[in-house]
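Sharing a structure here in C-alpha cells format.
Order of writing sets the labels: A, B, C and D. Residues in every chain begin at 1.
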Amino acid sequence: MDAILLQILNGLDKGSAYALIALGLTLIFGTLGVVNFAHGALFMIGAFCSVTLSRLFSLSHKVEVPGETDFLGNPLKKDVPYLYDIFGESTGAAIIDWAVPLSILFAIPIMLAVGYAMERGLIKHFYKRPHADQILVTFGLAIVLQEVIKYYFGANPIPTPAPSAFTGSFDFGAMLGFDPNTIIYPYWRLVYFAFAVVIIGAVFSFLQFTTFGMVVRAGMADRETVGLLGINIDRRFTIMFGIAAAVAGLAGVMYAPINSPNYHMGMDFLVLSFVVVVVGGMGSLPGAVLAGFLLGVLESFASMREVIDLIPGINQVIIYLVAIIILLTRPRGLMGRKGVMED
Amino acid sequence: MGILEVKNVGKRFGGLQALSEVNLSVAENSCHAIIGPNGAGKSTLLNCLVGKLIPDSGSVMFDGQSVLGRAPYEINQMGISRVFQTPEIFGDLTVMENMMIPIFAKRDGAFRMHAFETITNEKQVVEQAEKMLEEMNMADKRHMHAAAMSRGDKRRLEIGMCLSQEPRLLLLDEPTAGMARADTNNTIDLLKQIKEERDITIAIIEHDMHVVFSLADRITVLAQGTPLVEDDPQNIKGNPKVREAYLGESA
Amino acid sequence: MFGLEKKDTSLLLIVAVLTMFAPFILNPFPTDSALAQFNAGYPDLMQRFVIFGIFAIGFNILFGLTGYLSFGHAAFLGVGSYAAVWMFKLIGMNVLPAILLAIIVSGLFSVIIGYVSLRRSGIYFSILTLAFAQMSFALAYSVLTPITGGETGLQLALDDPRILGVSQTAEGNIPVPSLFGLEMRSTAELVVGPWEFVFNVGYYTSALFMLASFYLAIRIFRSPFGMMLRAVKSNQQRMNYTGLNTRPYTLAAFVISGMYAGLAGGLMASMDPLAGAERMQWTASGEVVLMTILGGAGTLIGPVLGAGFIKYFENIFSKINDNVLHGWFAFLPDGMEDFVVFIIHPFIGKGWHLTLGILFMMVVIFLPGGLVEGGQRISSWVRGRKSEDKAKGKTEPAE
Amino acid sequence: MTKSDVTRRGVLKSGAMVGAGVALPTIFTASSAAAYTNEPTGSSVTLGFNVPQTGPYADEGADELRAYELAVEHLNGGGDGGMMNTFSSKALKGNGILGKKVEFVTGDTQTKSDAARASAKSMIEKDGAVMITGGSSSGVAVAVQALCQEAGVIFMAGLTHSNDTTGKDKRANGFRHFFNSYMSGAALAPILAKNYGNDRKAYHLTADYNWGYTTEEAVRTSTEAMGWETVAAVKTPLTATDFSSYIAPVLQSGADVLVLNHYGGNMVNSLTNAVQFGLRDKLVNNKNFEIVVPLYSRLMAKGAGANVKGIYGSTNWHWSLQDEGSKAFVKSFGTKYGFPPSQAAHTCYVQALLYADACERAGTFNPCGVAEALEGFEFDGMGNGKTLYRADDHQCFKDVLVVRGKENPTSEFDLLEIVEVTPVSQVTYDASIFGGDLGTCNNGA
C-alpha cells in the first residue's frame, strides 16, 4: 500500500513536467494547428534561463587568498561574486541561493519573446503547409537551438541547485500514519508539483474566464467561423504561442534543480511529451494534462522492482506500450476530438 | 424492384434522429433525385449508401445484395460510384493519371501488387483513359496537375473518373454546389448527355431546383430525416407539402 | 532499355556511371594538397554513401510516395544488421546469405509493425512508428543483450560456430566477410601522379546492390502500384470511393521500404560485422528523414543525393577545424582573419550539427522539393536567361 | 592514364614513382606490398585520436583531445616533456617516434559504436593512421577494438571501465590502461567496510547495459565478501532522466547503503535525485544512510555539483596525486590549458606515450611488434606507481584510487579527495575469470 502511494506521488511529480510540456504543445496545436517539434527545446531554454541567471548572479572577480596555492603552486585566487560587493556577503549569498525561483521572473519575458519570435518568424509561414512540413521544420529548429545551447554551455550537465531552504525531503508517510521513512518526498518536488498545478490552473482559468480565452477557445473549436466574425484571431494566436512557450519555459526553469540541465534534455522530453499529447488526444487540453499525470504514474509503477522482476524491461517501454495500446483502442486518444489530425 | 432498395433505414447521432423510416427505391436506368431542406438528412442517407456510415436499423440492398457493413471500396467494387459535393480528385497527380486509377481499380480489383509493370505499357488502360478524356473534352489537359484546374474542370474530371468505371449506379452529391451559372449549365448538359448515352442509374442529391427538374425522372423529398413524398417532377412542383417544407428555409 | 523510358534509362545510367567511377570523382584533390582533406574516396565513406543511399531510397518509397512519415525506420536497418551478423556467427562469412536473411527478417518485422501502425495515419502513424522503434532500441540495449550484444553491439567472436565456414583463420583471427572468397575489405589502389584512387570490393558490392535498388525504385515509381501510392498521398477518400483498398497498398509500401532498410542494414554488417543498438535509435530514423527531405522527397535521385550530402557532412565537413580555417583566410589582415574564423567557428568541425540543422530548415522553408528542386530552379533560371521571353509555368513535378 | 601505376599505398609513399612499370597490378589482394597496415614510410607517422566530440560526453572527449595534443607535443620534443621525464623507460627521445615526426588526425565517436567505428575506419583508410586511441565508453571501446583487430592496427583504449574490454571482448591488438569494474569493487569494498561497517544492507541501482551489469556484479561480489547483504538490485533504463521512482523505494526496502552503478548523465541525475530525497540525512537500522558511486569522474562530479560531498567512489587517477609523474603531468597540462587534467586526459596521455615507447623499444610500428613490446611491460613514473601491462589480457595493473567527494572544495576542479591508494596486489585477478580470447595479433598483412 505504502509502496503504491509512494509511486503515485512520484508519478504525479514526473507527470507534472509531462503535463506542462504537453499542455503547451496542445495549446499550440489546438490554436494554431501546428505540430511543434521544437517544444522540447523551449523547455530546455527555460532550464537554461535558470542556469544563465545563476551564472549572472555568480559573476565574480578574482581575489588572491594569501597563504594558499592552486594546483600549479601559484597563489590561489578565489572568485568573489560582485553581488557580495553590492549587497554584502550574506544578502548576496541569499540571492544566489534563490536564483532558480527568481529565474521565473527572468524567464517569463524571455520565453514570451522567444515564442513570439518563433511564431512570427517561422511558424506563421507554416500554417498552410502539411503537418509533415511543420514537424520537419520545427525538428530542424530544435536541432539548431540545442546546438546553440551546447556551443555556449558545453555538453556536460550543469548543476543548478534549489534554494537551500528546499533541500532534503519530508516524511509524508509519517504524517499519514505509516512507518517513518516509507514515504519520503523531496521538498523541491513538492514545490514543482504545486507550481505545475498552479500553472495548469492559471492556463485553464485564463481560457475559461477571460474574453481573450473565450475567443481562443472558440478559435480552437472552429477557426474559420471566428475568423469570419472579424476577430483578429491571428494576433491572439501569436500571443497564445508566446504563452505556450512560457509554460514550457517555466516548466524548464523549475525543473533545473531536479535534474542538472544539459543541452539534450529537450529532445529527451520531446518524444515523451508527444506520446503524452497523442495519448491524451491531439488538441484536448484536459486530455494532455490527464495523460501527462497518468503516464507519469504508470512509468513510476513500471519502475518498481517487483514489476521489473515480473516483466523484465517493462520500465524501458511502458510509455510506448501504453501509447500503442491507447492509439489502437481509442484512435483519438483519451479525450481527443473527432477529426483532428486524421489525414 | 429497383436497383437500389432502401428499407426502413434509421440513424441516430446522440440525441439527433438524423434518419428514420427511410424507404427508397431507385429504378434501374432512371435518374432519381433526393431533395430537401438543409438538415433534412440527405447527406446522412448518402453516407449510409456508400459505406461511410452504418445505419442503426433497416437495410440497403444494391442489385439484390446488402451493402451494409461493407467498406466504401467494396461497395464501389459492387458498382456504385460517388461524386462529391466538392470534387474529390487526386490533386497531386496529372489528369491522365486521375483517369487511369479508376480504370485500374475496375480491372484489378481493390488491390494488386503491380509494382514491376510500367504504366505506359498498360495499353488498354491508357486507351480507355484517353477515350474518356476525349469524351469529357479534356484531352488537351491530360498532363496538367489536377489541382491546377478550374472548379468546373475538376467536377468534370471527377464525373469522368466515376464513369470510366462503368458503374451501375452513379451517386451525385450536390454536383453543382457553389458553381457559377455557366458551370452549372455545363454540368447539367454533361449529366443529361450521360443519362441519354449510357445504361446507367443516377441518384442525385441536390439543392438547386433548376438542376433537379432538368434531370430527374423521379424525386424523393426528404424532410427531418424522413421521406415526405415521392413522385414525378411535375407533381412535385405543385405539391403544397413540398412548398411548405421548403418555405421555412428558402424559396 | 531495362523496360524503362528513355529519361529514366539515362538517369539510371548516370547514376551507374557516377557510382562506378566514384573512386575518381570523390578523390579529385592530389593527396599532398591542402584540399586533400575534402577527398571522400576512401572505402568506408564510399560504402556509407551507397548504403545510406539504399536506406533513403527505400524510405522514400514510403514517405515520398504515400506521404506516411515514419519516425522509426532505423529499427528495420538495425534488425537487418543483427540478422546479418547472426548469419556470420552461425553460418559463415559469405555476405549473400547474410544479406538475404537481413532482408527477410526486416521484412517480417516491418509486416508486424506496419500492420499495427498503419491503422492510423498522420502524426498518429509517426508516433506509433516512433514508439515501436524506441521500444526496439531500449530492449536491444538492455534486456535483449544476449541477442543483440547490448551496449557494445553484436560482434563476431573467435568461438562462433560458423558451420559452413571456419571459426578462426589459420592465423587465429576472426575471418572477414566475403563474397565467395572475395574479401569485402580487399582494396586496390591506383596512383596517377599525385592522385590516389582506391577501389574496394565492399564498395563495389554495395554499389551494385544500390544500382539494383535504384532500378527497382524506378520501376516502382513508374508502375501502376507506384501511381496508387501517390494517389494514397493525394487523396485517400477518393481512393476508397474508387474501389481501392488503401491498407494493403500502404502496407506493401511500408514492407518494401522496410526491406530496403534491411538490405542497407545487412550491407552495413557485411562491410563491418558489428551491429550496434544506436543504429535503431529514433535520431537515426530522424537522419534518414533528413536525407530524404534534403535531397527531395518523392523524387528518384533526391534521397541518394541527400544521403551522400549528410554523410559527407558528417565525415568530412566535421573535420574542418580552426587551423584549417586560419589557413584559408590567411590572405586577410590578421584582425580580420581572426574575426572571420571566430564567426565561422561555431558552424564547422564539431558544430556541423548546427550547420546541418540550419541547412535543413532552409530546405524545408524555401525548397520543399529539396536539392533536386534547387537544381531544377537553377537550371530553369539558366534556361530562362537563355530564352527570356518564354513565360515560366508551374514547376513540373520533380522526377 | 599513361602515367598510372597500380600499387599499394605503402609503396607509393616510399618510392613514389620508382615502382612505375615494375610493380605488376596486384589488384584485389589485401596488402602484399606493405609489411603491415599503414606502414609509415615518410618522415612522419600518423596517430588517430578517436574521441567523443559531439554528444553527451563531448566535454570529456575535449579533455582527452587536449591530453593527446600535449602528448604529441612532448613526443615531438616540444613543451617541458611532461611525464616523459618521469617515465621509467627512457626509450623516447623527444624526436617523434623512431625518428618520425608524430602527426595526428581526430575523429568523433559521438559515443555510438557505429559512429566510432566509422570515424576510426576513416582515419585508418583515409588518413593512414597506424594506431587508434581514445573513447569515453566501453561500448565504443569494444567496438573500435574489434575494428582495429580486423584492420591490423593497434588500439590503445581511452576511458573504458567495463570488464569486457579486456575480458570477454579482449583482442590481441587492443590495450587498456584504464582500470575496470572488478578493480573498482575490489578497491572500494575494504574502504566501505572500514568506514561503514561490515553489516550493511546495500541497494543497487544499475544502468541497464553491459557496463552497468559488470560493475554491479563486481561491487556486489566484493562487498558481499565483506559481509554486506544485497537487498535489491534494480536496473534503470539508460535513457532515464528522472530517477525518483527508482530512488523513492530504497528506504522502504530497509537498505542503508545505495550503490549507483551509473556513469555520465545517468550518474549525475541519479545522484542528484538521491540527495534531493534526503537519503543521506536519514538514519536506517541505526546507521547513517550512505551512497556509493563505484566509478567517479571529476567531470561528472562537476555536473552533480555539491551533491557529491562525502560520497565514496573509485577513480583511475586524480590530479592531486603527489608522485613525480602526476606532478609533472599536471604541471605541463595546467600550464598549457589553465586547469588540471581529468582522469580521462591522464589515461589518454599515458596511452599515447606507452604506444610511442613500445614502438621505440620494438624498433617498428608493426602492430605485432608493438604488441609484443607492450605485453608484460612493467613501468613506473606515469602517475599510478608501478604498473604492469599484463600479457594475458592486455590490461594494466596498477594502484587504484578510492576517493570521496570533498566537503569544502577550493575551486571547481577540487571536488574529490583521495582516501586511499589501493595497492595493485589487492585488485589483481586471474586473467581467465572473464573468459574471452585474445586471438592472435593482426598486422593487416
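Brief remarks on what is shown
Convention: a contact is a pair of C-beta atoms (placed from the backbone, for glycine too) under 8 Å apart; a residue touches a chain by one contact, two chains touch by 3 or more.
Treat the numbers as computed from the prediction; the structure is a model and nothing was measured.
Between chain B and chain D, the least number of touching-chain steps is 2.
Listing every chain that touches chain C and chain D alike gives A. Relative to the C-alpha centre of chain D, the farthest chain centre belongs to B. In terms of C-beta pairs in contact, A-D outnumbers the other of A-D and A-C. Centre-to-centre spacing of chain A and chain C amounts to 35 Å, using the average Cα coordinate of each chain. Between chain A and chain B the centroid-to-centroid distance comes to 51 Å (mean Cα coordinates, whole Å). The geometric centre of chain B is 46 Å away from that of chain C, both derived from CA atoms.
Along chain B, no residue makes contact with two or more other chains.
Residue positions 138, 142-143, 353 of chain C each touch two or more of the other chains. In chain D, the positions touching at least two other chains are 54, 58, 208, 235, 237, 239.
By the contact rule set out at the top, the touching chain pairs are A-C, A-D, B-C, C-D.
Residues of chain B touching chain C in their complex: 50, 71-74, 76-77, 81-82, 84, 88-93, 97, 100-102, 104-106, 108-122, 125, 145, 148, 161, 165.
For chain C in complex with chain D, the touching residues are 39, 42-45, 48, 138, 141-143, 145, 150-153, 155-159, 168, 171-174, 176, 182-183, 185-193, 196, 198-199, 201, 272, 274, 276, 278-279, 315, 318-319, 349-350, 353. In the complex of the two chains, the chain A residues touching chain C come out as 35, 122, 125, 129-133, 135-137, 139-144, 147-148, 151, 267, 271, 274-275, 278, 282, 312-313, 316-317, 319-321, 323-324, 327-328, 331, 341-343.
By the touch rule above, chain C contacts chain A in their complex via residues 67, 69, 116, 119-124, 126-128, 130-132, 134-135, 138-139, 142-144, 236, 282-283, 286, 289, 293, 346, 351, 353-354, 356-358, 360-361, 364-365, 368. Of all the residues in chain D, the ones that touch chain C in their complex are 1, 3-9, 12, 25-30, 53-54, 58, 105-106, 108, 112-115, 117-119, 121-122, 125-126, 137-139, 142-143, 146-147, 149-151, 162, 164, 169, 208-211, 213, 235, 237-239, 437, 439-440, 442.
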